Amino acid sequence: MRDVAVIGVGLTKFGELWDVSFRELMMEAGARAIENSGIDGKQIGAMYVGNMSSGQFIRQEHISSIVADHAGLVPIPSTRVEGACASGGLALRQAIIDVGSGLHDIVVAAGIEKMTDVLAGVATGALATAADQEWEVFVGATFPGLYALMARRHMYEFGTTEEQMAAVAVKNHRNACFNTCAQYQMEITVDDVMKSPPVTLPLKLLDCSPITDGAACAILASAEKARKLTDTPVLVAGTGQASDAISLHSRTSLTSLQATIEAARKAYKMAGVKPDDIDLAEVHDCFTIAEIMAIEDLEFCKKGEGGKVTEQGETAIGGRIPVNTSGGLKGKGHPVGATGIAQVVEIVQQLRGEAGKRQVDGAEIGLAHNVGGSGGTAVVHVLRRGD
Amino acid sequence: MAVPRFWREIPNRYNLVGARCGNCNKILFPPRSICPFCRRMGKLEPYRLKRKGKVFSYTVVHVAAEGFEDQVPYVLAIIELEDGPSLTAQITDCNPDEVKIGDEVEMVFRRMGEESQDGVIYYGFKGRLIKP
Amino acid sequence: MDVGIVGYGVYIPRYRIRVDEIAKVWGENPERVKCGLLVEEKSVPGPDEDTATIAVEAARNAVKQAGIDPQDIGAIYIGSESHPYAVKPTATIVAEAIEATPDLTAADYEFACKAGTAAIQTCMGLVEAGMIKYGMAIGSDTAQGAPGDALEYTAAAGGGAFIVGKNGSETLAAIEGTYSYTTDTPDFWRRDMRPYPRHGGRFTGKPAYYKHVLSAANGLLRQLQLTPQDFAYAVFHQPNGKFPLHAAKELGFSREQAAPGLLTPTIGNTYSGSTMIGLAAVLDQAKPGDRLLAVSYGSGAGSDAFSIVVRDGIEDKRDAAPKVLDYVNQKVYIDYPIYAKFRRLLVK
């Protein structure tokens, strides 16, 4: 496979965007990415759009055609990619494979979810379709419920505390304050999290990522082409993807996501890096416990110590390994299909040194970790400065 | 859930009928059509699991799944069955504060929900603590 | 008659509401209610329980106690006033849940509170005729009583299941005779599409309950040439605590013979489950050789009387499943608001 680089990124404001439609949202992110890359739309060879469930959220399937049409890019091949909340990360990976294979020189990887055109109850029901309908949802499982089962077991096996989980939310909200695209630009305290309403204990409202509208877009090119187009290309050093059983009860562990471990192993190997080499990471913190498990599974710390290192500030900006500098899913928001691309937008901005107040000094290598469902899919990307 | 979709799984939902692989002897629940360990060499046949198990993890649900709103707070658990496999189930007839990891449970027959007020009623399994 | 009971099982939900709690809501004097009905508290089904789930738990207990292969059950009949569906049998749900399907016959019965004992008689006939090996008769209810009505103090939830088979080493009690008394007497009814039954107040007493219970019991005693002194226990349908004790007295039974089978004071009236659970409670403590009288009553109206002789096998079998008192004693009290939520009395 030939080397692939990211040459432009674009992000919309994340939040409850009542006055913006699905189509407008996607065009906004796309236009920003194109502008950021400096290319002309005519140079684009193909596009991949990550989207979890437009069918349930806006009762519209076949969005690949809508996106290509509204972007004025017909008749290029346009493909929707779905892997629940990992849809964005998977779309990116498909775009990488497309460019890497030599099929096209410039390819768009986009992600979008318009979630607030339905009531919150309908949205949470739609999200629950990422879990096993027959054997989890039928018996009364909710999506937060599944992560709460992991949290309870993590607490039991490793002594992780609710305060340590709260520390994840506190950190990510603080980071989000420096991100103008973030849904929540406000600080919260551990006490706020602990006193927030119970959702599915031990998870409380402020342990959970919100329902969000948003879109993100990245323009990929062959590394060769990228060097001609930009002075600051960001190389895709490694990509890894793995699957696991959709239902928690069919997995070998509740305290690790095997799909994350396997996807990371592949991505690290392809990039030729070790976890120690990573300067910053965007990880899939759909719930606070998910970030704790992710930093363990990505080997940023020992298994079982994710809560402790978070509490000690090792994952804060300025810490040993800054995690979710963008605010993460918790602070920035979680438009599910867009999340995987939005993570890469943050890594690219950081590696280019364009992250402003949340900039990680001297960032050379970054990692993005995107999870589908409760861990049935995971995709990890390692990006490196290419200048 | 559409009627045929519910009806198809009645033996599994009412009586914990899973599968046993005649090749590797592993017991599987929920049922599958291919043994994930032996794949094409596997010989799956229906197997009724014993209704006993232990709580492996649990959560107290305050924001209910659709159809369970009247039962909050309810306990959702992963139960390790005596026969080996684990399943996800509610723990019924308990005070949410009393459930602990390791508690013994028996699987009982309960009403899980309904299609609508004039639709079919879904029945299935829930766990119930076995008091020593 | 050469049939007997091969196994039995009961189930009573764990939730209870006290008479005082209901009386408080309607501004009644709880002591007067308790004294008038001889009822202290009643069982309430949990939000995930209905007549089918109660019947399944009772039926599974019966199969466990009987130690039989459920595939040998040739008929299942379930009596109830609160079948979860107006059309679609409860019996098929139970048959599937105890793995008795598919080679059997099944149907739902309705005869107010005596549909369960009518099911026993049907099973007796089928077994006696050699048409089936075992028959299962169930009485199960999540009884309805309109809020504010006198019935609300007693309308409870529970069920009992009896497996009937040919007399032999398997039977723990022999049914030596049955006698029914039936007339058209509208003392209590529920019209189609109506949620709660209506009743004739004091009319439910003398011309209804007493006339039928006493006639059936006397008919059976006459037929078998027995007197109350031949019985160790007597069980009657128990809409409240008072009626069965009074019926016992009228027939010449002592309070000692009637008290062990009287559960209404602590669990309320489980409608179709009532006589079945009462009979099970007596079987839980009877000795081999004891003779029991059981008389059901169904409004509308009719009574089925049974004379049952306990056999040696009972002592090996009856510890295999939870007993009536295990369920009676396992209880959690709820208040009226929670009761209203569980019984779906709140309009949303």
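Order of writing sets the chain letters: A, B and C. Residues in each chain are counted from 1.
By our rule, a contact is a pair of C-beta atoms (placed from the backbone, for glycine too) under 8 Å apart; a residue touches a chain by one contact, two chains touch by 3 or more.
These numbers come from a predicted model, not from an experiment.
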{"item": "Touch-based graph of the chains, sorted into line, ring, star, complete or other", "value": "line"}
{"item": "Most remote chain, CA-based centroid, reference being chain A", "value": "C"}
{"item": "Chain centroid nearest the full-protein CA centroid", "value": "B"}
{"item": "Euclidean distance of C-alpha centroids - chain B vs chain C, Å", "value": "30"}
{"item": "Approximate Å spacing (C-alpha centroids) for the pair chain A, chain C", "value": "59"}
{"item": "In chain B, residues with contacts to at least two other chains", "value": "71, 90, 112, 126"}
{"item": "Residue ranges of chain A in contact with chain B within the complex", "value": "121, 124-125, 128, 133-142, 144-145, 148-153, 156, 197-203, 247-250, 254"}
{"item": "Chain C residues within the chain B interface of the complex", "value": "14, 46-50, 52-53, 56-57, 60, 84-85, 88, 93, 96-97, 99, 332, 341, 344"}
{"item": "Of all residues in chain B, those that touch chain C in their complex", "value": "10-11, 14-15, 48, 70-71, 90, 92-93, 95, 108-112, 120-121, 123, 126"}
{"item": "Residue ranges of chain B touching chain A (in the complex, touch as defined)", "value": "1, 9, 13, 30, 56-68, 71, 73-74, 76-78, 85-90, 101, 112, 122, 124-126"}
